[in-house]
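Order as written gives the chain letters A, B and C; numbering starts at 1 within each chain.
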Amino acid sequence: MKSKKLSIPYIAWMVVFTMIPIVMIGLTAFRDKAGGFSLEPFTKAWDYRFVFLKSLWIALLSTVICLILAYPLAYLLTKMKKSTQKTVQLLIMVPMWMNFLLRIYAWKILLQKNGPLDMALSLLGIHGSYIGNTAAVVVGMVYEYLPFMVLPIFTVMSKIDGGLIEAAQDLGSNNLAVFKKVIFPLSIPGVISGITMVFVPSASTFLVAEHLGGKDDVMIGDVIDKIFLNDQNTGSAISLILMVFILIFLILMNLFGDEEALA
Amino acid sequence: MNKKKPGLPSKIYFGLIFFFLYMPIAVMIFMSFNSGRNSTVWKGFSLKWYGELFKSKELMNALGNTLLIALLASVFATILGTAAAIGINNFRGKSRAVIQNVSNLPIISPDIVMGVSLMLLFSFLGVLLHFEMGFWTVLLSHICFCVPFVVLNVMPRLRRMDQSVYDAALDLGCNQWQAFCKVVLHELLPGIFSGMLMSFTYSMDDVVITHFTQGASFNNLSTKIFEMLRRQVRPTINALSALLFVAIIVILILINIFDRRAEKREARR
Amino acid sequence: MKRTLSIIMALVLTFTALTCLAGCGSSGSSSNGSNASGGDATGDSPSGNKGEVNVYSWGEYIALGQDEDLMNVLEAFEDETGIKVNYTTYDTNEELYSKLTQSNVSYDVIVPSDYMISKMIKEDLLLELNYDNIPNYKYIDDRFKKLACDPDGKYTVCYSWGVTAMVYDSTAVSEKPKDWDALWNKDYEGNILMFDNSRDAMAIAMQQCGIDPSNCTKADVDKAVEKLKEQKPLLKKYVMDQVFNEMEGSQATIAPYYAGDIAVMMEENEDLDYCLPESGSNLFYDAFCVPKCSKNKENAEAFINFMQKPEIAAENCKYLRYGTPNTGAKDFLDKDITGSELTFPSDEYLNKCYVFSNVDDEVYAYMQEQFLKVKTS
């Protein structure tokens, strides 16, 4: 029980499958095609800076919308009976158990020209295609990652001591004041882990923009995928930049040392 | 506790959210009964795409592979991760922080970076050791991103556990192994299972990492759907989604039944 | 706590049960499949272990029983020879090339196009074929036996050929498009699709600039890039096989694609029509090759031979609608296929077409890089 030995296999595993691959990306990123040291991959990666910014923009939008949708949802959820809470939680999770790609495909059907949304809106006299633009990509992202925002916020909120709320009420706070002074501050850790769990994957994902976006919606994940076909060095450089960027973001988000919030 | 029934506004809000969550799936399932090939035009009711689905050896094979990988990856990750968590728990200070941060890397690093880095590793090792990417590389990669979830789920339980119970068991004549099984594992079980469950779900859902490590001859459901979506989409894919959805619902209902029974049993005590 | 525990136990159990069921299901269905198709009562995989063949082919390129009246060619091959086929697919020649050169994979049969074949021969990536193992090679039309990319006829067995053309929605255009310039027509703004593939996209742009696309320099690429940048604001999207859904579902107005595929799209949507550009287009060949990394060369040859059986070639042609070089296949094809301009363009039209040659590596890499930049600018 006191033994550290049990972790040896995993430490060895991490060295081989986590550390070495990252070191390999680093090594590949500083090489040219001939194999010598070079900064060329990074100068080439610079050409894709606008794609990078676009990805961050899309991720930011998705995260904000997720937060706006999820926060009230989580709050209202805590107000329900325990058994209802469980059912609702499950219902939020169910779409997540469908395959990632099937969820995108579902939106593709829904948003296309002559699709259900178009048909519904054409009753009002509006006709068109709702796919192939940034908004469609954001909707897809929100759909993919909404549960990642709801669940951490809900978990944190439901752990708030009921006594604290009652005490505040006894001291004469109205509902709004209770929310502002007690519930909101205490829910911040959940919000933070929700933000990271939505922002990181949506900034780096590929395929969503390819399927739901238009000609201008290319995200950094798609570029990495494409560029790796003919230029591993630049691909590695972009991956490395992305990785560093996300690490900085996470440090800002204070994630380290607070690993329970992730689970 | 003053938990009330939800009011009307909150009911409406939940309704809207569930509409948002389930509308796409409903449309997708509806279209699986379309006899035409295109999802914009309704050409009449038909079950032929379900027939096609079951006829397709490739898809069935892919489904088998998906489940096999998910099962193996989650079991192996659970064993590795539980042992690791117990070991890590005995580290203190800096070294512990370092191990934990490295362990979390696969969770926090973007899927695509992980996929690409593992591809680099496997193609490098493959040249060195003469193996090809395929089933095994996919399995290894899945274990990679599953273990951290197990560690994360087991860790908090370990921290909450009372060391003295273990010591008491030893004092009462258990040997180390017995004490470990009866006290430690028993205490950790919920964490272990939820870690395993998470691993299983993530493994089923993963597209990106499998895409980069699949090699020449391996296909699972994700890579198959990936291919289908880039090509001429046929409603077989809708039929597949419909069946997956039904399977999930059935599982949930089963859980619910188990849950109710357990509740009753607990109430009787 | 007991309750959570039992939930989780139940979940894991059901999942496991599901796995077993699916396992049985898949093995069951596969044996059903072979029973149904192999009427020769051999039942499950005839002699079992004859090894495998890893086929890496274009997506949607082999008849797999996708429609009721089509045969599943791969299963037929498995039933006849007992060799297991591992079938994976790629979208572009470039994807094929990179998988072949960068990762440690072992493919046995690949189907590169003309310019890629010359590149691969030049880089010594292909194995010479033993034509004694491919007796059905005799059915191949002489015109397709010693292709420009394989002048000695040592590495290739031509699988299909065709030209690029345009497909358009006749209800959405004001006049019939005649040439590639329709893809730059402002009237169709936001409804034009374009090849998501550097070589094909650049070729069309080069034709518009009056450059011969078959072989080009970096300067030519730059000019083509300008032309593509000019087109980008008018586009809906860059697509490859997604074009099927876009056009069949009337989501876009006009798109360039491979003529054979256009024939397939037109069957699904009556509003669609086609146009063989007046100024000519790209004539391409795709041929079976065996790469150096192959570990089952004989199985690969058996596979290639099987695919050139006249009835099998006809089946693939029926599905694919690309021209087949197999002379025997025409006897198994309907008139409306053999007579179609999209599947078998006239010699007169073919004279206007150009074939890609292998451009310099540096130019080639430059072309791909610039295309990605156009897409992301």
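Going forward, a contact is a pair of C-beta atoms (placed from the backbone, for glycine too) under 8 Å apart; a residue touches a chain by one contact, two chains touch by 3 or more.
Not measured: the values here are computed from a predicted model.
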item	value
Given chain A and chain C, the chains that contact each of them	B
Leading chain pair when contacts are tallied as C-beta pairs	A-B
Where chain B and chain C are represented by their mean Cα positions, the distance between them in whole Å	34
Gap in Å, rounded to a whole number, between the CA centres of chain B and chain A	17
Interface hub residues of chain C, defined as touching at least two other chains	102, 249-251
Chain A: positions in contact with at least two other chains	112-114, 228, 232
Interface hub residues of chain B, defined as touching at least two other chains	39-41, 119, 233
Chain B - residues contacting chain A, complex	1, 3-6, 10, 13-14, 17-18, 20-25, 27-28, 31, 39-41, 80-81, 83-88, 90-91, 97, 99-114, 116-121, 124, 140-141, 144, 147, 149, 151-153, 155-156, 163, 166, 176, 179-180, 184, 201, 204-208, 221-222, 225-226, 229, 233, 237, 240-241, 244-245, 248-249, 252
Chain C residues within the chain B interface of the complex	1-12, 14-16, 18-19, 22-23, 25-26, 29-30, 33, 52, 54, 56, 59-60, 64-66, 68, 75, 86-89, 91, 99, 102-107, 240-242, 244-245, 248-251, 268-269
For the chain A and chain B complex, residues of the former touching the latter	1-11, 13-14, 17-22, 24-25, 28, 69, 72-73, 76, 79-82, 84, 88, 90-92, 94-107, 109-110, 112-116, 143, 146, 162, 196, 200-201, 203-207, 211, 221, 224-225, 228, 232, 235-236, 239, 242-243, 246-247, 250, 255-257, 259-260, 262-263
Residues of chain B that touch chain C when the two form their complex	37-41, 48, 54-58, 60-61, 63-64, 67-68, 70-71, 119, 122-123, 126-127, 130-133, 189-190, 193-194, 196-197, 200, 214-217, 219, 227, 230-234, 247, 251, 254-255, 258-259, 262-263, 266
Contact footprint of chain C on chain A as seen in their complex	44, 47-48, 50-51, 112-114, 129, 131-132, 214-215, 218, 223, 226-232
